[in-house]
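As structure tokens, the structure follows; a few thoughts come after it.
Chain naming follows the written order as A, B, C and D, and within any one chain the residues start at number 1.
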Amino acid sequence: MEIEIATIGGYEEVGRQMTAVRAGNDIVIFDMGLNLSKVLIHDNIQTEGMHSLDLIDMGAIPDDRVMSDLEGDVQAIVPTHGHLDHIGAISKLAHRYDAPIVGTPFTIELVSGEVEEEQKFDFNNDLVKMEAGETMTIGDHGCELEFVNVTHSIIQAINPVLHTPEGAIVYGLDKRIDHTPVIGDPIDMDRFREIGREGVLCYIEDCTNANKKGRTPSENVAREHLRDVLYSMEDYDGAILASTFSSHIARVKSLIEFARDIDRTPILLGRSMETYSGTAKRIGVDFPSDVEMVGYRRSIEQTLERIMNDGKENFLPIVTGHQGEPRALLTRMARGETAFELEPGDKVVYSARVIPEPTNEGQRYQAEKLLGMQGARVYSDIHVSGHLCQEGHYTMLDALQPENIIPAHQDLGGFSGYVDLASDQGYTLGRDLHTTSNGNIIQIN
Amino acid sequence: MEIEIATIGGYEEVGRQMTAVRAGNDIVIFDMGLNLSKVLIHDNIQTEGMHSLDLIDMGAIPDDRVMSDLEGDVQAIVPTHGHLDHIGAISKLAHRYDAPIVGTPFTIELVSGEVEEEQKFDFNNDLVKMEAGETMTIGDHGCELEFVNVTHSIIQAINPVLHTPEGAIVYGLDKRIDHTPVIGDPIDMDRFREIGREGVLCYIEDCTNANKKGRTPSENVAREHLRDVLYSMEDYDGAILASTFSSHIARVKSLIEFARDIDRTPILLGRSMETYSGTAKRIGVDFPSDVEMVGYRRSIEQTLERIMNDGKENFLPIVTGHQGEPRALLTRMARGETAFELEPGDKVVYSARVIPEPTNEGQRYQAEKLLGMQGARVYSDIHVSGHLCQEGHYTMLDALQPENIIPAHQDLGGFSGYVDLASDQGYTLGRDLHTTSNGNIIQIN
Amino acid sequence: MEIEIATIGGYEEVGRQMTAVRAGNDIVIFDMGLNLSKVLIHDNIQTEGMHSLDLIDMGAIPDDRVMSDLEGDVQAIVPTHGHLDHIGAISKLAHRYDAPIVGTPFTIELVSGEVEEEQKFDFNNDLVKMEAGETMTIGDHGCELEFVNVTHSIIQAINPVLHTPEGAIVYGLDKRIDHTPVIGDPIDMDRFREIGREGVLCYIEDCTNANKKGRTPSENVAREHLRDVLYSMEDYDGAILASTFSSHIARVKSLIEFARDIDRTPILLGRSMETYSGTAKRIGVDFPSDVEMVGYRRSIEQTLERIMNDGKENFLPIVTGHQGEPRALLTRMARGETAFELEPGDKVVYSARVIPEPTNEGQRYQAEKLLGMQGARVYSDIHVSGHLCQEGHYTMLDALQPENIIPAHQDLGGFSGYVDLASDQGYTLGRDLHTTSNGNIIQIN
Amino acid sequence: MEIEIATIGGYEEVGRQMTAVRAGNDIVIFDMGLNLSKVLIHDNIQTEGMHSLDLIDMGAIPDDRVMSDLEGDVQAIVPTHGHLDHIGAISKLAHRYDAPIVGTPFTIELVSGEVEEEQKFDFNNDLVKMEAGETMTIGDHGCELEFVNVTHSIIQAINPVLHTPEGAIVYGLDKRIDHTPVIGDPIDMDRFREIGREGVLCYIEDCTNANKKGRTPSENVAREHLRDVLYSMEDYDGAILASTFSSHIARVKSLIEFARDIDRTPILLGRSMETYSGTAKRIGVDFPSDVEMVGYRRSIEQTLERIMNDGKENFLPIVTGHQGEPRALLTRMARGETAFELEPGDKVVYSARVIPEPTNEGQRYQAEKLLGMQGARVYSDIHVSGHLCQEGHYTMLDALQPENIIPAHQDLGGFSGYVDLASDQGYTLGRDLHTTSNGNIIQIN
């Protein structure tokens, strides 16, 4: 059986991930993501009504025209988790394929929300929920799709494995190796080792942090760090605000719990806060079901007024704006544009890292400056990455022992640390270690 | 009563701390430290036999000749904790003063070890142990010396407070605010707030990290980070080595415990490992009393041979050399100069940060390169600082409300973040906020 | 005669410079500047109609209320050169003082332009032009004001020296030591050395780059660098654009000349380009009088259309926008908002350095990204600083041998390199080396 | 005719360059270099007596065993210029090939010096001098070797071009595009453009600086910068020292000339200074023939004594040690180990950049610290790189329009900027843009 891998998007950038694997006549697509920075650099673009070709030209979504070179039928579209760089192009591209979207429940719920907002294209693909640990038959020639549980900065992330008669294709985006992930099960390293023993034909790896040394800490380390920060504010009698990635349910959960530990009522504020946490609550993961969530601008304003009236020292608003986005809630609070009044000594906790790009750094700098002008005290970088660093890559290679490797989720400079590591482990560039770019098709066997 | 503060050393550098407070006729000296980098830049200098004046000329120890301008009698010499930059000049300078050395038991034991090695000067000062929370009368005019418990990267650190009729002088070197310090009690913030209410005439602050934002995490955060790293190696069947600051007893304790948790026998190797941990064990702090410690070069070599014979996968040697020091054990292991054989996949954990100075960075880089050439996998920076960052400084000012502040333990550039913060809190440079340099005397009232 | 120096603004920042020197009853004010970043962090503020007190509260202009503590009459207000951080508050503050504005012709012309736009306050101070090398009597007690020629990133910069019976007060802002400044005379080091021999009571120094090692290169080095860049494009047959600081007349002159050397017509485009270069042309400095300048938005658009029609390969537009300012011409060109069409291979030369602050860095990054999306090739950092680095400071101290020094034009962290240097030369902090902050008065004798 | 390119060394590092081109049965080897850092990380290794296989194992010289997979006869070994990373392995590897060494006169002289010191292997290859612009027939099947003049940080650098019936193979290591190179002719861009029009089958490019934006300045820019620095010291009446790369003849020439311009006698001191400058003088390039050069340790010491006796203010010693190498002359002077006495105010000019690697940075830091402890004033980074930055790469692609490209002289991370640039110009990774590693053979047609 011929195995081909089309590296469609996310092989020259972090963002707009899309990879297709053909095993004989059966094709599975992994991820269909958006590169948001390619949208935001333009002023005032609304993607909902845009045509996919325009978004492809902008570099915002994967250029899936290479799919016509793959001979076979798409049997499934498999988003690995709910981040936009993995699901954000489904509403623009999936309608071209007669195949269901298969994902974990949380991911499918988020996909569902995304396609509801689409204005240009009709969306008729089936949405199929499958849990980590489960498998599904693909086509009629002996292929199976398995979801292996992994750990990432969003819940219910999986690594899909396509078992073919030629060996397993492991699609390794996105994960870290976390044995204490706060929500959900630890990464299933036993299963990876087992698959390794069964034989891995190809491993596609998440190289986001491949140039970073060491091991990515567990979410539990971030949790203890965050606990240390919030508990240290226990005696403070003014405002405490926190912000984090809205999709980072485990982190939001920790914030909620620690807020209560220090006798404050947590409230989630901001549209995306409500979207992600509301979804988590609805599907019944281990998430505080009794937390208030407010998403609409007007309701947020009313809530902030209520907080001010009741005494802001009794609350811990968890808000959007961790990157200093000009229109996000925390930035508007920093500008004094809301009913919430900051006073000298008030605390602002960024449980997030600035995504290292000058635009973000400039915006976040401004937000912190504005907060500082009101006397607020800022705590930054209470965070751990969701992606493997080099020792995680080493561990994965050791577990899977793949015959072929394809670095992904970076550009060539980002792959370089991974290539060095894999070369040290005996892989050879151009032979069994395939650095590639968007739009290529790699013959694996 | 006249209060004067002589800022003798450590006001233009991190290192060789020394400060004298005169209250009327009674003088207390806080710290007598060594600036080790001023020694090491010269080849092959042995300080044990050197005269203090030569070491003063080199900038290695405080120039205490300004003491002759202070009218009064030295009643006590008070090292705040056992780091060399606070006790390393006692053997060279204390003999000039007819006063006891007063410190916590662990500190006094370390001072005792230091003066035993001195070859040039006789040392006849009394060594007096005093616990955190205790007080001692100083002179006959109503002064009291109190030890307030603080938390730092060494156990039994205190902040001495000289209570005078004019108010308290709080000597704030070195600490972080840690509520979960792994060994010993949390920082005594209640007592600081109480002293603040009683009235603080002057606060001398540890500005090591004054240009760093946020809060220094608790030792417990480093512990959880370290746990995450070592537990992730549980299944590895080769060598695991760790290195940290020998004086960092809490960290060494965590390393010992986690080694045992993953079924390895910890062994402390290296002269300073034996010195500090042996002292900790002897004075009966909460430290594993049954761990093997080996300090002499020949015994270390024999121990390494034994480890190789018994199977290195059964041990976790905790060794000196975290800064890549050319002659330290870990560096010698990296060069293949010992009986210990590293193999591809073996793990080396640096539970320490490179002290940010190009010499260290160069040496540590070389050590890691050499380890990498043998296939070792390196985990770095599993560490938290022992010094307050800006939010800790904010909290201390809020607790103490001092009338005057003197930034210390940095140079002027290092003070600048603190000056900005204190200025924002209403202090004025040159009036109640005193940036100073080595060799000055400040009239406080 | 009592000498006092009021350090009013620019002693905690780079920006809003203002210093007053009182010699007996006679006061001279040096500089009245604006801190533009304090204005720009707020959205949509127009300063022209604002009251000075509001601008003081924002930290945008100097808080000159300390002037009431200086007993004496202001005899002159002396802007050292035409940059906004030195003249930008004259329109808001000068009307309070019954004193002429005394400056070099170019500086006075720029002040004149500034006050014309003021809408809130009337401006009735005399504008007096005085050339470098000339002197003016101040008051009736033997004081003389002298302008010593210096070299900076704007033409006709001087260092004013107030000769008093007690010695000279040398106000050293802003300069580098440049023996080949492209326009105008070299820095007058002979006169500085002479003044040094006569006796300098106090030297106020420009510490902008005091933490930078080495010597600031001459403008001639930037010129040769720029020549190398532009000559290397000689054979290119598409667009070449350049941007630099509009006020940097020497640089603009070099750009004009090299444009012609490679057979292109230079055109200055943008409001501030027209203001500064137009002024330079009008007062008759060594500047190409025949270059076209276009300042108004509509005229610029027409000019760009003309350039496109005539063939952009025949022109070298010199435009505003070197910091990536969102509304500046170059940024608008990058966004495709003008008639000028960029094509792959077109060249953009930034003869400027990004002012190192995350906001600027983010904006400039975006501008370059947008240029790159159109295929433009970007050449950055063809520039030298206008401010002394450490070896320049060393040379100035050697020439002037001042009795007292006051570091200025930075915050405390920025002063630190200067304090280290001066300390190494024998000065002592708090005795003859005065680090200070805004709003202080220093008694010099 | 089959064309194959063996990428033997320097494709995973900067250092130990070696590439072989096979055209039919005829093979030409370009460069045989040394990776010095792989030697220096070990203590006390003397390479002169070592076997090539040991040096290959260390990664110090190219692993040329892949040559056995190339079917054909080596007709020439062509070092492109005299830097060690291009000629340093000739003494270890060339004897295995029955082929002459063909290079420019200066390069051949340096090769000759290298092989004289070899102790392990006999060297019998012919040394053939060929000037830039000349050609040589290779084999009997229509291949010609041409030397195109290029500009680099050493004189007489060329880019060899192997003209084959299938098109030209242009070996582009090492160069910058310099139209005013101080010594020798400008880069021959006309010839490159001509070759481009004739048809380039493959271009192997020097990617050292491929991640750096902009254009590498001309040596003339460094010269003007250096002139500015040295002229600014004209009035100084103490010592002035300078250091630069010994092999950088143009820079040494500038130093000599500017020394004389400020009325000082230049003297070249240090073994490698004598080697390179002596060679330059001997072969009659445009170099001051009357400058004194001293290479032996004892003679250097005598010369320094003479300088001290005659008055150090009359000399400008140009010495080795620009990287802070522990045993180099400048470092020994800094340690006070020579007869030369530094005094406060003495100047040290580093006309070189620290090679950006922590080991060098640590050593240079120490050297500067030691100089500073004696009061010396240090001027650093008076330098320009010898390698193309991105705009140079753009220009070369535009001139040559090659069918295939192979990035070289870096590791994969270092190639990444080049791959981005080439991709933007229409090349495709894996098709006509070949990133490779050491030991590979690429079929070009």
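Simple rule for what comes next: a contact is a pair of C-beta atoms (placed from the backbone, for glycine too) under 8 Å apart; a residue touches a chain by one contact, two chains touch by 3 or more.
Predicted, not measured: the structure shown is a model, and the values here were computed from it.
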| item | value |
| --- | --- |
| Those chains which touch subunit B and also touch subunit A | C, D |
| Chain pair, A-D or C-D, that carries the greater number of C-beta contacts | C-D |
| CA centroid of subunit A to CA centroid of subunit D, Å | 46 |
| Centre-to-centre distance between subunit C and subunit A (centres being mean Cα positions), rounded to whole Å | 47 |
| Whole-Å separation of chain centres (CA-atom averages), subunit C against subunit D | 41 |
| Residues of subunit D touching subunit C in the complex | 177, 179-180, 213-215, 217-218, 220-221, 224-225, 228-229, 231-232, 345, 375, 377-381, 391, 394-395, 398, 424 |
| Parts of subunit B lying in touch with subunit D, wherever the complex brings them together | 41, 43, 335, 357-366, 369-370, 373 |
| Of all residues in subunit D, those that touch subunit A in their complex | 12, 211, 411-417, 419-420, 423, 428-430, 435-437, 440 |
